[in-house]
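Okay, handing you the structure first.
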Amino acid sequence: MLDQWIFAAFLLPIGLVIPAVPILLAALLSPHKPNSIKQSTYECGVETVGETWVQFKVQYYIFALVFVVFDVEAVFLFPWAAAYNMMPLYMVLEGVLFILILAAGLIYAWRKGALEWV
Amino acid sequence: MTVLQLIFLLTAATTLASGMMVVASPNLVHAALWLIMALAGVTVFFVLLEAGFLAVVQVAVYIGAIAILIIFAVMLTRHVAADSQSQVTRGWWLAALASLLLFGGLLAMLTQIPTLTAGAPVLPGNPDDIVRDLGQSLVSLDQYVLPFETASVLLLAALIGAIVIALPPKAAGAEGGEP
Amino acid sequence: MIPLSWYLIFAAALFCIGLYGALARRNSVAIIMGIELMLNAVNINLVAFWRYITPGILAGQVFAIIVFAVAASEAAVGLALIISIYRQRSTVIAEDIDLMKW
Amino acid sequence: MIVVLTDPFGWIGQTLLGLLARLGLPVATANLLITLLSAVVLGTICMTLGALITWIERKIVARFQDRIGPNRVGPFGLLQPIADGIKLLTKETVTPNGADTVVYNLAPVLAVMSVIGLWAVIPLAPRLVGSDINVGVLYVVSIGAIGTLSIMMAGWASNNKYALLGAFRTVAQLVSYEVPMVLALLVPTLLAGSMGMGAIVEKQAGLPFIVLAPLAALIFFISSMAEAGKAPFDLLEAESEIVAGYNIEYGGLKFGMFYLGEFFHGFTIAALVAVLFLGGWQGPLASSYPLLGLIYFLAKTAVVYFGVMWVRFSFPRLRIDQLNAFNWKFLTPLTLAVVVVTAVTDKLAAQMGFSRTGALLGANALLVLATVWLIGAYARSTRRRLEPVVDESAAAAQA
């Protein structure tokens, strides 16, 4: 089984090298004349106000949170789905129960207004 | 088989170094990125242990979800000034001592046991069957169906709890103006 | 062939690094990162024992998946708590959040 | 000679193996070298294809908009991508002040890697797949996660509020649409009884899964388009709202890499749809002539990719609240329903002896009807709630 992974283990570093080579090449070939205006933060020519690390609203975190829960749910469901063909009906229904419990969570988040973009 | 050992040692060194950087880096975003590096190292170990399912799950859940959550939390609670403050508690040397003692004890114990030097047995059945067996054992009544459904309830509780805690009270509404 | 003890020693080292991070860091998000490292070390142990000692019984893998679920829940609720505390007290330093301590 | 025409990949592999064996290499090392070589070849083809796709896409968008498109450099403007590449290569590389240099430079590289890495598990032809791992479907999900990470890194390392804001929005979008995508992937896994891409294609020998699960295919198509950041889901580069998004501070070839990765991601999702729902290389005579299989696969991918472009050039961009509402309040509940209904129907049909195709198609049709009715009811209730607000003159003007 391990030999099936070899190709992926090769392709991922190659996927790193292939874009990195042109970027390095560009760093060698391209002109390099830095000045302070060129390197300043780009905000359409408007002066930058305040620091970069402004506070973001918590909504982003809520979306990531719901995503995490559903991602883990999918992790539990994938082996279940892979074994589907050899399962009797009651085992399928256990998986369905698992989905329904989490669907309740989605409904709760919806009712609570956590999924609204404000 | 020495190639595998080499891969193991390289990955172990990278992972441990990344782990060190996680606990040592003063910049929390850097610490989170090093954490991702360490998690990727653990993925390689899962592949070496022929637990391919856990390897991809490690990337999907840890790097794709939990690490993103941690980075979001860092950005949401960030103080620029905090980077220059001391990052460790006053009793950090006690913590270091405790960790070193624990590691020393574990090392002494693990090197004492002679049976641990044996190689891995051959896996029974073909790899596709392992995932299927896993799926079947998760829902068969005499095996792990109870932990399986409990995990669902745990995730539901975590979802509800985290939303209740993180969602700002409606009346405040102060956050509406922020980006 | 890689002996089992290598995995166990590696996991022990990773666990101790995580333990140090969880005990010594002041920032609570960093403490959670330390805990994640510790959970990963535990997972390596579980899977290594499954692979070397009981390859026919999937208890180790099932346990590892449950650890994933617990880690996700713990991170979600823990970070939500930190964000909530930050909103009220604008600090994430664990030592400053001591109202409930005494 | 016939072998070369019918099974060129196997022939090349055998020839190379023979050559290396004559050099005195052990078989294991020779196999390893061939794997490495094929990975390099695949990576290079991906990169070249990515460049070619920019040309194809520009030509087609031009036709959509009644223009000619690139036609100056080379025949039909075919050399335009090369000219673009040379231009980008000679542009000055500017690193903004206060940028986190290592992370800043790593981000575009990771963005490209996350797309190329997907091709490791895509079966191109019979017996021609890089890694036929038993968890191929989840591998796709996890490599996609690296792409999300690269965007976060780019936005953070640029030291620019708009870049960070753009990255936050982008990551929130990608992460949200990953939920229906992952859940929709459960359906082909369930129908094939395996997570391996190769096994999923094998199981579609008679009948592609799009016939058994049209809704899941549609959901996967929509949500992976959002994953690739294609219009109408291209809020990540809403230039009118957030300057340009996470890649404002990138210029020259580094920006080019993000651009290339995004274009090639569009093609890759078309390939994934072709593999998971249209049967990949399956087709008449494909299993005995691998070259034919590759042609079938590419043809199916091209058709889906044209669909991607068609949607892209026809629909206006969504607003961010619409985008999120569409995902969480429509797509995710629908996907959960699709998974539940497919699982139960397939098992019941097998037990009661109904035709599998008929039962699943009927279930999908019922689900569509129920969804349409629910949306209608929701729209009616919204209209009733809003009615008192609408004054007479506006209603008259509308009529």
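Note that the chains are named A, B, C and D in the order they appear, and that numbering of residues resets to 1 at the start of each chain.
Heads up, the rule we're going with is that contacts are C-beta pairs under 8 Å (C-beta built on N, C-alpha and C of every residue); 3 or more make two chains touch, one makes a residue touch a chain.
What you are looking at is a predicted structure, and each value in this text was computed from that prediction instead of being measured.
Of all chains shown, the one whose average CA position lies nearest the global CA mean is A. The chain pair A-C and the chain pair B-C differ in C-beta contact count, and the higher one is B-C.
Averaged C-alpha coordinates give centres for chain A and chain C that are 21 Å from one another. Separating the centre of chain B from that of chain C, both taken as means of CA atoms, is a distance of 6 Å. Separating the centre of chain C from that of chain D, both taken as means of CA atoms, is a distance of 33 Å.
Each chain gets a centre from the mean of its Cα atoms; for chain A and chain B, those two points are 16 Å apart.
Chain C has residues 65, 68-69, 72-73, 75-76, 79-80, 83, 87 in contact with two or more other chains. Residue positions of chain D touching 2 or more other chains, listed in rising order: 133-135, 138-139, 141, 161, 164-165, 168, 171, 175, 178, 193-195. Those residues of chain B in touch with two or more other chains are numbered 48, 50, 52-53, 57-58, 60-61, 64-66, 68-69, 72-73, 75-76, 123, 127, 130-134, 138, 151, 155, 158-159, 162-163, 166, 168, 179. Remark: the chains found to touch one another pair up as A-B, A-C, A-D, B-C, B-D.
For chain C in complex with chain A, the residues that touch the partner chain are 65, 68-69, 72-73, 75-76, 79-80, 83, 87. By the touch criterion given at the top, residues 1, 4-5, 8, 12, 15-16, 19-20, 22-23, 28, 31-32, 35, 38-39, 42, 45-46, 48-51, 53-54, 57-58, 61-62, 65-66, 69-70, 72-74, 76-77, 79, 82, 85-89, 91-92, 94-96, 98-100, 102-103, 106-107, 110-111, 113, 116-121, 123-124, 130, 133-134, 137-138, 144, 147, 151, 154-155, 157-159, 161-163, 165-166, 168 of chain B touch chain C in their complex. Remark: chain A residues 1-2, 4-5, 9, 51, 53-58, 60-62, 64-69, 71-73, 75-76, 78-84, 86-87, 91, 94-95, 97-98, 101-102, 104-105, 108-109, 112-114, 118 touch chain B in the complex.
Contact residues on chain B toward chain D in their complex (touch as defined above): 29, 33, 36, 52-53, 55-60, 63-65, 67-68, 71-72, 75, 127-128, 130-132, 179. Those residues of chain A lying in contact with chain C across their complex are 58, 61, 65, 68-69, 71-72, 75-76.
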